[in-house]
Amino acid sequence: MRQPVAVYPGSFDPPTNGHLDIIVRATHLFPKVIVAVTDNSNKNPTFTLQERKKMIAEAVRRYPTVTVDTFSGLLVDYMTRKKASVIIRGLRAISDFEYEFEMALMNRRLNKRIEAVFLMPDEAYTYLSSSLVKEVFSLGGSVSGLVPESVEKSLKRSG
Amino acid sequence: MRQPVAVYPGSFDPPTNGHLDIIVRATHLFPKVIVAVTDNSNKNPTFTLQERKKMIAEAVRRYPTVTVDTFSGLLVDYMTRKKASVIIRGLRAISDFEYEFEMALMNRRLNKRIEAVFLMPDEAYTYLSSSLVKEVFSLGGSVSGLVPESVEKSLKRSG
Amino acid sequence: MRQPVAVYPGSFDPPTNGHLDIIVRATHLFPKVIVAVTDNSNKNPTFTLQERKKMIAEAVRRYPTVTVDTFSGLLVDYMTRKKASVIIRGLRAISDFEYEFEMALMNRRLNKRIEAVFLMPDEAYTYLSSSLVKEVFSLGGSVSGLVPESVEKSLKRSG
Amino acid sequence: MRQPVAVYPGSFDPPTNGHLDIIVRATHLFPKVIVAVTDNSNKNPTFTLQERKKMIAEAVRRYPTVTVDTFSGLLVDYMTRKKASVIIRGLRAISDFEYEFEMALMNRRLNKRIEAVFLMPDEAYTYLSSSLVKEVFSLGGSVSGLVPESVEKSLKRSG
Amino acid sequence: MRQPVAVYPGSFDPPTNGHLDIIVRATHLFPKVIVAVTDNSNKNPTFTLQERKKMIAEAVRRYPTVTVDTFSGLLVDYMTRKKASVIIRGLRAISDFEYEFEMALMNRRLNKRIEAVFLMPDEAYTYLSSSLVKEVFSLGGSVSGLVPESVEKSLKRSG
Amino acid sequence: MRQPVAVYPGSFDPPTNGHLDIIVRATHLFPKVIVAVTDNSNKNPTFTLQERKKMIAEAVRRYPTVTVDTFSGLLVDYMTRKKASVIIRGLRAISDFEYEFEMALMNRRLNKRIEAVFLMPDEAYTYLSSSLVKEVFSLGGSVSGLVPESVEKSLKRSG
């Protein structure tokens, strides 16, 4: 068996400690992990594609098997180009579950060779999301401990 | 990174095509997969531990990286003995989700180095379970296509 | 189109006002409704098959298109004998949802011509179940308004 | 009992094979089925009301008991005008479940004579939705097998 | 123990009888209840902050222990200013559950002394929401019995 | 307003740190909290009623407003005798949610003056249950940190 390359796709707008937790777990499972930031320009992200890529890159610097990239178009097409066959996704809650299954079944339909693998973040991050981080920050709350330090700084610069 | 050994634990009372589907997916992800049948003697299984082990062994014969084993006691202790660090579990429905998370968090607490990985079976098996198979069979219905052939024969012998 | 005959299967151990609510709704949809009490002798019911049949029969007396019957074996086989093609089921809560879908998909697999139709009981009965009725009654609570009068009497006789 | 007329309301933006699956099942249950496209102009649909109506009409051409219509205002008022008493809805997932129940209870409150009937699509369509179809198409993916042919053509013309 | 002051925060755009039901229940539990209308100007509410405050104030006039207020910024900061330590929230459905838990865990993180308390509205309001009220009203349906009278009048004036 | 007495009912077979977490939260909300161990002799508990009462009593010794009691029969009847009007329940997961709502609506029906209040345990206890504790212990795993010390000792004595 050739060891599979894993891709962890997402908006990461911004990345949280929950995302970082999943990335680290993925490095224990697969020899190469690509964090793939999606160019969902239509979703009107708070941070630009390059900002998001840079925030993750800083946060994962000490994990040599992790690379950070951006992509547009279909995830399965991107993965084919990267010779990757595993999609990493974090599952925190029931609402994740249904959305993730919908996406996973669609991706499987588009390319049968690609497998989705769901990991469970630390329970401390069960209810942590990028949008909640932004809401708390915008209302003047501290997001320390919820996001990597580099993200906290970026939020303060952008705020 | 040493490539992790994966364990797929369960009762498999009896194994279904949904279980087999997960096993095959696991072989695409990890170089070695151990199907570990649990000796849950207190759960009053329909088939003996050895019968269940044998049914799976027949069903996975053409997958050389899969071995079938039995275990009793804590899963994490068994995995330590086997130098395995990945638990494979199938996620079909919301009710699975909560039970699986409870077990995964407990296992993580018992041994932080062990990671649970959730896979999604083919949608044709979304609502397939061992107990439903037994119920249909006991009422005289055909379980062809729901279980491996060897299991169908065993059910007929036992019926 | 021949008008379909509908079957409302269940344990009805005992029937509740929630069951009755579903039966009445079904009579507005289909010209003939058969309430089919299942002989789940392995489930160790509180009331005998005949008691359950009689309790429903008394409760639906004024609905001329409803008949009450018992069956054993596979529901789809019973329906074929009865030339019925519609299964009626009440959906109250999420936990119902998953169980009902599992059963409906299995029945569809066993007989493609049979369709499951889900109805929503009055919200007053959303959280009403036979087991809860029995628990409340056994602890000395009033079940008036939760079950048909004939059932209340039976409970008192049996208590 | 007068046989009830059934209405299958929705946005159908665009119609999918999951919608079509529900329509066909409804024709087995009720002698007359009206697919009622809602003029939800505030939801900023991708296709115009007339385009959506036309796409469905082409897809259901061979089902003589199905008619396609458009409506605005309250569904229950439309149904009263059409002398229809049954609302058909497909239930795919938990998230559907809660939304559908909310709508069904509200409609019941607005008109007690109207009954909502929930059908289960083929499991192949469990996780199929109009929005997912549009997302996949917009990213360059094939939606063949997910939507009726007429819809695929419309998507290509509009794309 | 000093008796805790309870805050019931929300958008109340507009308040419904479900909200009122929760307020009344809260008055049976805590000696002082503050209904705190959030100035979520970014959510583009239908009614202004002052209109929403006034509608609630009229609806709760006969409950002397209830006061109505507005706030902006973090809820926990507002509560500290008010010396309040209990957040009241209504739980109607699964989708509420996950959102509410996410918010409650975040608030607990921001201030450990603040406790979220979940109450269950009357089952008649299980599926009632402000957005559904607005949708029904905008389509010409009656919302009588779903909202306090003062709200019904406001809707008619605004309509 | 007379300050309400709160009852926290349950099997506590055995009590866990999750139960203890809820008890402590309740003491911040209500001046008097009664932990009421249910005599569910039909559920075949692992520990006797008196053992369970004693284990909780030891664990809550330093909370002067907490008393521990046992009861049989209907909870609402017990509460009337105790002049208590608030039921405390912990909500950890979706499956809790539906069961708890069913019970709460039934209790409300049996006695309208009694209010159920749901609290959220620390996220570290989200997936902790008495049955999981017993399973882990019986398989030889450590339950340290999952249950109060007195319970750990009792488990060891009983094991």
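The first chain written gets the first letter, and so on, giving A, B, C, D, E and F; residue counts start at 1 in each chain.
Throughout what follows, contacts are C-beta pairs under 8 Å (C-beta built on N, C-alpha and C of every residue); 3 or more make two chains touch, one makes a residue touch a chain.
These figures come from a predicted structure and were not determined experimentally.
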Each chain counted as touching subunit B and subunit E at once: A, C, D, F
Taking each chain's C-alpha mean as its centre, the one farthest from subunit A: C
Inter-copy rotation, subunit A to subunit D, in degrees (Cα atoms; steps of 5): 120
Between A-B and C-F, the pair joined by more C-beta contacts: A-B
From subunit F, the most remote chain by mean C-alpha position: D
Length of the line joining the C-alpha centres of subunit B and subunit C, rounded to whole Å: 34
Length of the line joining the C-alpha centres of subunit D and subunit F, rounded to whole Å: 47
Subunit C and subunit E, separation of their C-alpha mean positions in angstrom: 39
Touching two or more other chains - residue numbers and ranges from subunit D: 94-95, 101, 105, 123, 126-127
Pairs of chains found to touch, sorted by chain label: A-B, A-D, A-E, A-F, B-C, B-D, B-F, C-D, C-E, C-F, D-E, E-F
Complex contacts: residues of subunit A adjacent to subunit D: 73-74, 76-77, 94-95, 98, 101-103, 105-106, 109-110
Subunit E contact footprint on subunit C (complex, rising order): 94, 123-124, 126-127
In the complex with subunit F, residue positions of subunit C that touch it: 93-95, 126-127, 129, 132, 136, 139-142, 145-146
Parts of subunit A lying in touch with subunit B, wherever the complex brings them together: 1, 3-4, 25, 27-29, 31, 65, 85-86, 91, 94, 97, 101, 104-105, 108, 115-120, 123
